[in-house]
Structure formats: C-alpha cells, structure tokens
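Read from first to last, the chains carry the letters A, B, C, D and E; within each, the first residue is number 1.
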Amino acid sequence: MDLTDFLGSGSGFSLENAEKWRENARWDAFPYCFKLEDSASSHDNNNEPKRLKGTRMIRVDDLHMHFGGLKAVDGASIEIAKGSITGLIGPNGAGKTTLFNVIAGHYKPSSGKVWLGDENITGLSPHQLFHKGLLRTFQIAHEFSTLTVRENLMMVPDNQPGERLVDVWIRPSKVRDREEEVRAKADEVIEFLEISHVADELAGNLSGGQKKLLELGRTMMVDAKIVFLDEVGAGVNRTLLNTLGDAILRLNRERGYTFCMIEHDMDFIGRLCDPVIVMAEGKVLAKGTANEVKANEQVIEAYLGRGLKNKPARKARGGTQ
Amino acid sequence: MDGFLNALVVFANFVFLPGLAYGAQLALGALGVTLVYGILRFSNFAHGDLMAFGTMITILVTWWLMGMGINFGPLPTALLALPIGIFGAVAMALFIDRFVFRFYRKQRSDGIVFVMASVGVMFVLNGIVRLIIGPNEQRFADGERFLITVKEFRDLTGLAEGLAVRLPVAITIVVAIMVVAALFWFLQRSKTGKAMRAYSDNEDLALLSGINPDRVVMVTWIIAASLATIAGVLYGLDKSFRPFTYFQLLLPIFASAIVGGIGQPLGAIAGGFVVAFSEVTLTYAYKRVLEYLGFAPDGLVQLLSTEYKFAISFVILVLVLLIRPTGIFKGRVL
Amino acid sequence: MSNTQRIIFLYAGMALLLAIVGVMQSWTLSLTIMNLCLISAIMSLGVNMQWGYAGLFNVGIMGFAALGGIAAVLTSMPPVPGAWQAGGTGIGLTLLALIGTIAAVIFVRSRTRGVMRTVSTLLVAVAGYFITRTFFDPAVEAIEAVDAARTGYLGGLGLPILFSWLVGGIFAAAAAWLVAKIALGLRSDYLAIATLGISEIIIAIMRNEEWLTRGVKNVSGLPRPVAYEVQLQQAQWFIDLSAKLGTNPIFFSAIYVRLSYAILFALVLIILMWLAERALNSPWGRMMRAIRDNRDAAEAMGKDVTGRHLQIFVLGSAVIGIAGAMLTTLDGQFTPGQYNPLRFTFLIWVMVIVGGSGNNWGAVLGGFLIWFVWVEAEPVGAWLMALLTSGMAATNPVKLHLADAAPYMRPLLMGLILLLMLRFAPRGLIPERGAPSIQKR
Amino acid sequence: EDVKIGIILGFTGPLESITPGMAASAELAMKEINDSGLLLDGKKLVSVRADSTCIDNAAATAAAERLVTTENVSAIVGADCSGVTIGIVNNVAVPNGVVMISPSATSPALSDIADNDYFFRTSPSDARQGKVISDVLGSKDVKTVAVSYTNNDYGKAFSDSFVSAFEAAGGKVTIAAPHDDGKGDYSAEVGALAAAGGEALVVLGYVDQGGVGIIRAAVDTGAFETFVLGDGMYGQSLIAAMGDGVEGSYGVIPGTEGEGATKFAEAATAAGLDPSSSYTGESYDAAALIALAMQKAGSTDRTAIRDAMLDVANGPGEKILAGDLARGLQILKDGGDVDYVGATNVELIGPGEAAGTYREYVIEGGEFKTVQFR
Amino acid sequence: MSFLIGETMRGGYGGADILNGCTIAVDKGEIAVIVGPNGAGKSTAMKAIFGMLPLREGRVTLAGQDITALSPQDRVKAGMGFVPQTSNVFVSMSVQENLEMGAYIRHDDFSDTMEQVFDLFPILKEKRRQPAGELSGGQRQQVAVGRALMTRPSLLMLDEPTAGVSPIVMDELFDRIIEVAATGIAILMVEQNARQALNIADRGYVLVQGSNRFTDTGEALLANPEVRATFLGG
C-alpha cells in the first residue's frame, strides 16, 4: 500500500478524518512516513502553523511526586489539548522529567490524578499506556544495547504474532510475513533518521546523538495518540533536528498527533510549540504561546537568562588565529 | 521474680547469646562478600574457601607457635598467628586477582563471568586447602574457652538456670563492631575509600579522575582477604575448622549480605543478625521459658521444627526482600 | 571462523572426547557419561532461557530439579494400599479442609472491608489452619507408621515413568509460577537469593514430609522406561543377538540399556532444542533480549515485562523440571538429600556461562563439556598426581601425603579447567549471536 | 599378576573426613594379603579408589562404571552412603555382575534390594541398633531422653527404630529432632532439644559432622550433661574435641568380644591409622572378605566371588580374626573351610548383611571403656 | 605549535576506522569547538586524545611532548581534564563527593575551588549531599563539568557540556568557560548547540566521518553559509 495516499489528502484534513483514519489504520501505516524531498516544503512558508485545536487529551490534576523529602512535582496541573504540540520547559530539576515519568506510568504519584481523555490512567503501567496510544522517549537514552539498531525499531510494534510463542512454533509463515512488513517499516525510519550506515550495529555502540535518534525512531514505529518527547533534541545535530521538527509538525498537522515535548532549545520550541508550559520547582510557572512565555519576566529570571555576560569581551579577542 | 529471671536467663542462654554469636560470625563473613561486591561488582563465591585458606595458614602457624611453647595467656594463641594468616590470605587473593580476575576486568566482562571465574577459584582453593591440611576437622583453640560457664553463673546468682559466655564469641562481637566501624569510616571518609567507591560506581570516570584502578583493586582484596581470615579464625575458635563447613557457610553468608543490602557494610552486619536470629528464634521451643513465666504449656511451643530452620531463615529473607526489595540498607540494584 | 563452523567444530570435539573415553576407558562409561551430559544439557538449556534470554538470575535450579524428581516418584511408584487405607481419608479431609479454608477466606474477604477484612481473614485462616491440622496430623502419623522401614508413604500412581517427565515439567512450572508471583519483582541478586531461598524451602519440604515423599529415607526401585540388564542377559533373543554381533551379553546389555536411555534423552533434547531455537530467533526472542537489556524501555514500548518474565521463568523452570525427572529416572531412585546447591545450581550455571549464555547451542555444549569434566576430573586428577609423584621414592612422606590427597585433585583440576575455559572464551565457547563487545552488567 | 579391587567412597563431599580412614583400612587388609603371598598362587591385590561424593548419584554411578568397565575390578568395596550405594547397585554392580561390599551403608532399604546377590554389607542395618541402645538405656534406668539424629536415611531410620524400641520399653522421648551435617551452627537445634529436656541426649550422627557440633553446642550452653552415642559417634576425635564435656557419656558400636577388634586395632595403629574412626573395621572386613571369597572360589571371576562369599563369611569353619588373614588363605588353599570373624565379628545373615553384635562403652577418664557386648 | 595537538588520528573500535586522519589542536587560553553530524566521530576523537582509544596512526602531543603512549590516568596527572558525553557522574556518590573525586590527584587544599564551582552552579551547593544519580539531567551535567574543573587542569575537554541544560545555565556555563579560558587554560569542546559555541570559539572544527571538513575561526565558520546550512541548522 502506498502511504503517500494518506498524506496526499493533507489539505482536506480534519480531526474527524484523523480519527477515522486511525480506526481504519493498518498497523503498518507509518506515521512519520513522508519522503524527505517533500518535507522541505512544510516549514519555509509556514511560520505559524495552522493548529488543530481540539478537546483535551491529557489532564493532570494537582499532581504531587515526592522522593523522600524532595518535592520533585509539587502540585502541577496541566492540560494538553488534542492535536496540540505542547512545549514543556523549565530550569533543570523543575520536575519535567518526573512529570513525564508519572504520566507514562513509571512512577506512582504521591497524590493527584492523570486523565487520558475521560479515562483515569493514574497508576497504569507503561505497557498498558502504550496500548492506549501513549508513547514516550527517555531523556537519557534507553537503547536496547545488545540489539541492533534495526532490531531496536522492529521490537516496537505490538501485537506481532511473532511475539507469541504458539505462533512462533506452529505458524511460522504468518510470523515471517509480519516480520517483513515490520522490517520494511524499520528501514524507512532508519533512512529518515540518517542512520542507515549503522542499521546493523549494536545499539550499545552508537554515538550519543545516534542513541537519541533511535529513541525518537522507536516512537515512529507505531501509531500513537500522544507522544511525550523528553529532550529529543539534546545532543542531536541542529540540521537534523530541523528535519525532525518538520516531521513532528507535519505529523501533528496532517495526522492530528498530539505531542508534548520537553526541550531547552528555545528556537526549536518557538518554531513548533503552542502552547508552552513553563515549570519551576515542581509547579507550573507560566503558560502561553512561545512569544508570551519568552517575554515573561519570571521565566526570563528563572529559565531563559539574559545572554552571555562575557560575550562582548570575547568578541573583541575573536579572530585571533 | 525468680521465675522471670530464670526465664530471661534461659532465653539468653539458648536464644539470645547463640544468635548473637552466630550473627556476628555471619556478619564478619558477609562484610568481606559485600565489600568485594560493592567495589569489584561481583559475588565472590570463593570467599568461603578464602576463609578456609587464611584459617588454615593461621592454624599451621598456631601449631608451630604451640610447638615452640609460645602462648597468649588466657587468649587463644591463634590470635598471635592471625597476622601471618592474614598475610597469607592477602597474598593468595592478590595472586588470584592477578591471574584470574584482572583479565576479565580488562575485557570488561559481564558480572556473571566474574562470578563463574570465582566458582573456578573456589574449586581450586577447595583442592589446595584439602591437599595441604586435609578434609578433617582441626583443633587449634587454646586459652580460656569461657568468660563464664553455666555452672559458675548458677553458683554466682543462685538461679536455677545458667548462662554461658564464650570468650571467642565475645572477641567476635567486639571485632565485628570494630571492623564495621573502621570499614565504614574508611569507605565514607578516607580518600582511598572514596576512590574505591568511585571506582565501583563508574570505572571509566574514576580513570578520568586520576584514580589508579590497580590500587583500588589491590586495597579491596587486602581488606577482603583480611576480613575473610579474621572471620574464619574466629569462627574456627568458637566452633571448629573443617574445610567443608567453611564452604557451606557461603550460603548463609551470602544471604546475610544480600538481605542487608548488598554493597552496604552496615547491611552485612544487620543481615547476619537477621539470618541468625530468624533461625534461632523461630525454631526454639519456648516451653521452658513459658514455664518459668508461670504458664504450663502442654507441647513444646515450637513455632517450627528445627529441620526447617534453614528454610525458615530463607522465608524471612524473602519476606524482608518483599518489603524492602533492595535489602534492609538499600543495596545496589544492578 | 563463523559461528556455524565454530559450533560444528566444537560439537565434533565433544564427540571426540566421548569417543576417546570409549576407546581409552570403556564404551559403557562413555555412554554413561553421555547420558548425564544429555540431561545436564537440558538443564542448562532451561537456565539459559531464563538468564540468556531474559536476564533472570535464578539460583533455585535445584528446587525445580527436585520437583522433577518427586514427579517421577509420584507418577511411577505403585500406590501403597496400606497407607491409603490408614491415612487416605485423613489426607482427603485435609485437602477438603484446605480448600474450604481458602474458599472461606475468599468469601470473608469479599464481604468485609478495611480493618475488619484483615482481622477476619486472619481469624478464618488461623481457624482453618487448626482444622486442617486436626485432619492432617493423625493422617500423617498413620501413613508414616505403615511399614516405616520400607514404605511409610502414600506411594505414587503406578503410571509409566516416561509420563513423569511431563509431570515433572508441570510440577516445576507450577512452582515457578508461584515463585514468580512472589519474587519476580526483585532484581538481579535479590531475585537470586529469593529463588535460592524458595528452592531451599522446596527441598526442606521434600526431606521432611515423609508421608508424601518418604523424606530422607529415599525412594528406590523406581521402574525403568527401558529394559533391565539382568533380564536382557537371560533373554534368548538377546543372547543370540550379541552372539551374532560377537560381543559378550553382559557388556552388550550394558551398552544396550545405556543406548536406549541415550535415544530417549536425545529425543527430548532435540525437541526442546528445536522449540528453543525457534523461539530465540523469532520476534519473541528479540523482545526477550530487549527486556533483558532495558526493562524500563521495553515496558515503555508496550511490552508486558512482568508477564514475559513470568512466562520465561515458568518455561525455563519446566525444562529444568523435565530434566530433573529424567535424572531421577536414570538414577532409579529419588534421594532428596542429593539436591545441594553446588551440584544442582552452581554447576549448571557454570555450564551455561562456559558454553555461552544467550546461545542455545552454547548452553547445550556447556552442559556436555562441564559434566564431562566433572566426571573425568577425578581419574585425570589421580593420574596427574601419580605422574607428579612418580619421581619420588615410595617412602617419601611427601609422596605418601600426596597419594592420600589424590582425590582432592578433582576439585583442583575442575577449577583449573573451568578457569582456563573462561580465560580463552570469556563470553562462552559459543557466544551469543552478535554478542556485545560492550558490557551489560 | 595383579587383581584390582575398587574402593568407592566419598572422598570429597560431606563424608570426606572419614573416608580416608575407611579406604586405608581396606587397603590395610589388602596389604596383609599381599604380604602373605598366598592369594591364588601369589596374585597381588591392587586397590583402585574412586569418589562416590556421597551425595551425587550421577557422579557416583559414573565413577563406579569406570571401576567396573575401565579398570576391570574384580569386586568393589563401597559405597559409603546408602543413597549412592543403592544407585550403584542398581545401575552398575548388578547389571555388570560385580560383587560390592559396603562397609557403611546401613539403610534398611538395602536389605531387600533386587541385587542378584551381588550386594553385601559388613555393617548391620540400622533397624537393629536402635533396639540395642534402648536396652542400654533400660539397664541404666533412664526414662526420658531427647534425640538428635543426622537428617539422612541412616539417621532417620536409626532414630525411628530407637524411638519405637524405647517407647515400647516404657521410656519417653521428649523430642526427636534432626540436624543437618556440614552446617556451621547448631544453636537452634540445641535450643529446642534443651527446652524439651530429658535425662540424656541421644545423638545419632557422625562424630566429625553435625553430631559433634550438637554435642559442642549442648556442652557450651549446659543443655545436657550426658550423651548417649550411636555408632557414628564413636571416635577418638570426640574425646579430643570435647574433653570433659563427654565424660560419663556412653554408647554402642558394632564390635565384638575382644580379640578381632583388638587385633585390628593393633594392626591399624601399627600402620598409622586411627582404628576408632568410623567404619574402619567394617572396611577392613569388606576387603578381607573379597580376598577370602576369591581364594575359596579359586578364581577372580566376578560371579565366582559372589558365590563363595557366604561360605567364607559364615560358619562352619575355622574362625579367622583380623590380622589373621594369611592363615585363612592358607586353610582355603588347602581346601579347608573358614568362618571369617574379622574386626567386627562378621556374620552375614539373610540377604547378605551383618547380623551385628554391639559393644557398649562408657567414656571414663578420657577413654572409651568397654562395659559389655550385646 | 599548539599546546595540544591530536595529529592525523586514525582509529576505531575494532571494525572500520571511525577517525580518518583528523587533526585537532588547541592553544592555551583558547577555546576550540568541534561540531559535526551525529556519529561523525567527535566523541571518538575526544576519547582518542584522552587515551581511551588506541590510535592506529597519528599522535597526540601536549606542550610539545608526545603523550600518545600515556594511560588516561597519567594524562590526568599531566594536566588534562575530561567530561565525557554520557555517564559522566558517579551516580551513587553525593554531589560533594563527586567534586572531591575531581580533585583526587590534588594534594593541596581544594576547598576554594569547590567554592568556585558552587558559585558557578548554585544548585549544586544546595544538593551537595544528594546522590548524583537522583539529580535531573541538567543538574548532572553541571556536576560533571564541576568535577572536571576541580582538577584545575591546563587543558579541559568537554563533550557536549550543554546538552540538556537550560538556557540560563548554558549561558552561565559558556561565560564560565570563557573565564576559565582567560586564565590560560586550553579548552576543547564538542557542541551541538553549535551556534552559541562557535560564537565564543577561537577555533572551530567541523568533523565529518572522522576527518576535518572545515577548520576556521568560530566567527568565520558561523559566517560560512555552507557550514550554516549543512551543520548548524540554517
């Protein structure tokens, strides 16, 4: 099946369509699948992307997460609208990753609730959440180090018949067929991430940035309702990061994917995210568009800063060779 | 009142003191295991046989000293020989490290490979000890055995029940406390100790900080082998020395180290006592104690029969782990 | 050398070793060793599933092997009618009481809340315990009194012993399921000590619950799945056959019996190996390795880590249980005292690691090789010792001491060989496919 | 030329400390025979040792297999522990038709094993000893005892037979608790035993194993003052280890009225062995019986040895004591008949096992003093 | 001749070479920045310079002396400090102990250096007693840099020190790096926040597939449209 069929209908895209598409979607409808050539067109003339402002996707209610005496998340309440790309920023140690971990089921919150749509998902385990369409990446890359890059990707899709022993033993052909499809899809992702030359390398041997790419690549292997990206950009080359940004944008606009991303690169945030939530000391400090947030005095104080103090002096010295 | 005192004495004599003694002995062994685990990051199955090896040397030296007519007054002569035993065990440990474990460190082998190599070392030491001193029980204790015997205690207090305190036990407890305090101080405060912890945490980064890995490894083995010998000798003085028993001690020692939280010196101590006391208290027949307290139970009032004692100490372990999955003192999770 | 070549080369080497024993010592011995090699290989395969595939540190192997052993007794021994008469009803009532207690507990728990729930559960459980005991204790006493020296237990079902291999697997699997429910949340060494503990408990029960297992009094005289040598030696067709082959019937009967066992064991090994290889090289195997590498990430990628761990733990244990039943079958007796950690846990671990964890071919080879060394270390050690002391005078005290100490060459040699093998193949003789050059502590 | 005799005992494993003495005693008998030069016109016996490990059936079977098929031994002395002995009988000795004489496997299960008459033992089945100890206690008017037995088939069966005999005689056993060998600490066991109480503690274990551990812990805590000892507890090392602690204790050991045992003790001491260590006499007798049976059969054929065994072991015939093997060989050579008595008063009854006479002893002044024979 | 030179380095991890003859140099008081796509071999080059990867060809000189054969811990003694890209803190040790380990080879009183580090990263002072493993990603990064500063090296090598740190801390970090350089220490760093980094760099290297693609001043590289488009994200 040609996936560009789906993408071709971009103009007439609506949320209902997206939902319908999701229902009919075959497992192998590759969410990030668009050729690199046509990805270039998306961001040049689209400074303010048209958003799909839908209903609420995730709601976090007065969430607390304490480690001993430390209040990593201290009464945060946020909402993530369906179809948005929500940015989550804040100083180091603000509790962003911890918040992700709670939402994604890695920690049980000390108190508070998390809702996915109308469903209370507090305390569900990560794999259950995965099946509800909630995916996440890890800030510190969690690759499967003894699997090759391709295998790292191929293991992601769920409901593979090959993951059931009975099928493995008695229905090898069914397993084989699905394997081929999964492999094809993994290869597409690999190509997209520009890591083809290490496709058969063990993931443990990758460079720091390649690991981050792989981390992102795994979320591309399946259909997700909402993807939580924890600093996918840190350590990724900026040119490649722009391409990733395009992918995220297109996916969001054309497929109605919801994203929530932690990032420290304000350019990147500014280009992709609306709204932006700022956290500090476990609480929500501010919320607004990227520009609003950038102008917020408190945010500048706590997070953005005012640029280099030494820069002028340095500049004067610059150019010595 | 007498009834109560008698109950107390019976309890102390059959439950508390034996538990304390056994616990301290396990704790000393577990300290060595936990140290190697903490710094070098593998379970050293050869520890029991290293204990046997160090003890064997001490015994040989003790015999020689006895033959020379040298003794240590009321204290066991073996304590005089102990430094030489420690020296022998350290030399052996360093030799083994040089020819066995160093290779895997360079290879950056998986932890389990180290464990298997230590099983190999265990077999070899096993053979060496038996080749030299044989498989039989060896006696080398002299000096006073008791601080106070049951009879003396009875005569002294006029109670119907007696309480015996053995000298080796007293020494073991004192040594265990001293050793754990020293070790704790060393690891937490001294520069070398910190370097050892740093090495255990992240070898590469330790290298980048200028820490000499060979030195760390050497110090670790020196301490571990010393601990093994001290534990082995004290144990032998109190009970007896037989290579097979020392090998068998390995299991309770490991249990102690792990339930206490592996890699944690304090945990090793706590673990030793948990194992020892769970064995003794759960299989003790409380009939006599209760009788002195004025009850007259029909049966033995034994929670579990002694054949389940080993099993029961493991039940306790499992329970402890279910409540604290990384041991009492939060050991490492790998 | 590619991995396949390596496998062929090493297996051929192993066959050569056995052949050398056949020629230099005797073929019966060679087959005897090989039969145990086959069983060891199966155990090692089971452990490899747990450790090599999933990184589960099971140190309770001996418990599962023992469960296999008791399965052999309970399936194949004839029932003891006297014991059933004496205590059958009591045991039946005990079972009823037990079920009743459990049902009652479930019932009160469904009807109560909060503190009441704990209290009432406790009350019902304690009451149930005492009621059960009132049936159980006299029944046990009665059963154990029935000809204590020869039986003193209920006996088994009197089914063919081959059937018990399956039952052994099921017993072990059931126990593993329970163990997993309790302990699989623990990680690495903590899991290890928990499994060790639970297996010690299993062994303690087997050693002490005489009414069921005969305890330390052992059960001997288990039926065989193959012919008895003595009968063969008297059977005319057999005498004729051996005459035709030009061998003596006693020797040939030994070979015949051992070969029959070997075929049975090899069959089981081949089937299990096929299943295991299939599984390992499938997406399922990939998933297991992913879980082993990084539990958190696998969980986030939608894999039910706990479920998978449970599955592999149960499967691996079942394989160990099968091997345990096979071993007891071969021994012809059930001796609970023999299950000690050195022989039934650590030795198996050595097999897996020396062979190559994560690789089924490696684990199986490890089973063969290590068992071979375990047995042959003794004569070779004695021979070495003789060689060593051959230069000394017969009355040399050192020589006399060393000659007496010859048996201790066995552990020494065993250890040295193990160390050498690990030295030259630190990742196992046949390492995991594409095994990492990086560490994975 | 040489005739090979296998000796399969647990040289490594839990019994490793008593097996060297056993093997040496068996070899002492062989040496005596070789020195006489009378066996089958000057054939020499050569011992081949193998390790039974005591607990590992599979390894024991392989080792025995090696003795029988590789070394081609004519007969086997062993094995030691009942468990592996049964395994070897079933899987090696009987299939290959080799005589096996165990000096120490005492499990009652061996009495009716399907052995084609290839299995013998020079130690009595445990069933009998319990009765003897009960009689001893009766004669001393001891009414209540606690029992600690080693947790294996030997200890268990022993304890069972003792308890039932003692209770039948009107005594009371307050507790019969097992102990595991090779463990380090026995406080828990002794705690329970002490709480149960009794006039004496009956210890049915091994002198260099858990048995002595139990006694040590009991003496240390003052739990018991008198110990009643089963055969496994007899040994000089007990007195050496416990000194005053076992003064006044008593027990029984398979043994005979005087001479044979004394003779053996002399010979063993001369050879630098400890005659009082467990099962040394039985081991000597096992080896001696094999040689005599060969001589009687006039061949080293395995089956012939089997067929001659009961002839030489039992009457009628000249009584042959330990240290007197040369005479026995000579008589047989001359076509006479012998009744081997040996070190332990051998009398093979029923299915080929020792009838068992027991010597009652008491420890006095740091020595084992014989009281009487039962 | 520069203070540190890694000259025509070739080498890898056993398979194909990762470094294909790249040359990296930095002088005292200078900041040199390496940029390049992911997997280009930047970290590998750093490791090679630090002696954690055997070179097949090429050499490393420090202050004119050939140190190619020195072990990493000897290089530390020779005045090199390194912050790796990943696993760069002792997770089980407290923040303070991490810093102390940085000063392991120093025998003088290093409390003032520690104060300086705390001034630079105030959050670390607050979390002094917390195990580094419990810190947030950015906080860890600060510990790692602090640890290296404790050595008082004459050459400081940083592999992506700003990955994951917040803008305000990044600015502080760069500020501090400038100051450190000003005291005469040579600084070599790999950066993906390339524009900010090149902004303060005296030299910039663009590494592609293990060899030098562009080498120039930071400014010049920033001004080069090809570099901007291909490596700096436009």
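Just so we're on the same page, contacts are C-beta pairs under 8 Å (C-beta built on N, C-alpha and C of every residue); 3 or more make two chains touch, one makes a residue touch a chain.
Quantities reported herein were computed from a predicted structural model and do not represent experimental measurements.
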Most remote chain, CA-based centroid, reference being chain A: D
Far-end chain from chain C, centres as C-alpha averages: E
Cα centroid separation, chain C vs chain E, in Å, comes to 54
Mind checking the centre-to-centre distance between chain A and chain C? Centres are C-alpha means, answer in whole Å. 47
Distance from the CA centroid of chain B to that of chain C, rounded to the nearest Å? 31
Taking the mean of the CA coordinates per chain, how far is chain A from chain D in Å? 76
Among all residues of chain A, those touching at least two other chains are 205
Residue numbers of chain C (touch at least two other chains): 207, 408, 410-411, 437-438, 440
Touching two or more other chains, which residues of chain B qualify? 130, 134-135, 305, 307, 310
By the document's touch rule, what are all the touching chain pairs in this structure? A-C, A-E, B-C, B-D, B-E, C-D
So in the complex, the part of chain D that touches chain B is made up of which residues? 12-14, 16-17, 20, 151, 175, 177-180, 182-185, 187-192, 194-197, 208, 212-213, 216-217, 220-223, 237, 240-241
Once bound in the complex, which stretches of chain C touch chain A? 275, 278-279, 282-284, 286-287, 289-290, 292-294, 296-305, 311, 432, 434-438, 440
Which of the residues in chain B end up touching chain D in this complex? 13-15, 18-19, 21-22, 25, 130, 134-137, 139, 149-151, 162, 164, 166, 235, 239-240, 242, 244-245, 248-249, 252, 276, 279-280, 283-289, 300, 302, 305-307, 309-310
Spell out the residues on chain C that touch chain D in their complex, using ranges where they run on. 24-29, 32-33, 36, 39, 148-150, 207, 215-218, 220-221, 228-230, 250-251, 253-254, 257, 327, 330-333, 335, 337-338, 340, 343, 374-375, 378-379, 382, 404, 406-408, 410-411
Hey, which residues of chain B end up touching chain C in the complex? 37, 41, 43, 45, 100, 103-104, 107-113, 115-117, 119-128, 130-131, 134-135, 247, 251, 254-255, 258-259, 262, 305, 307-308, 310-311, 314-315, 317-318, 321-322, 325-327, 331, 333-334
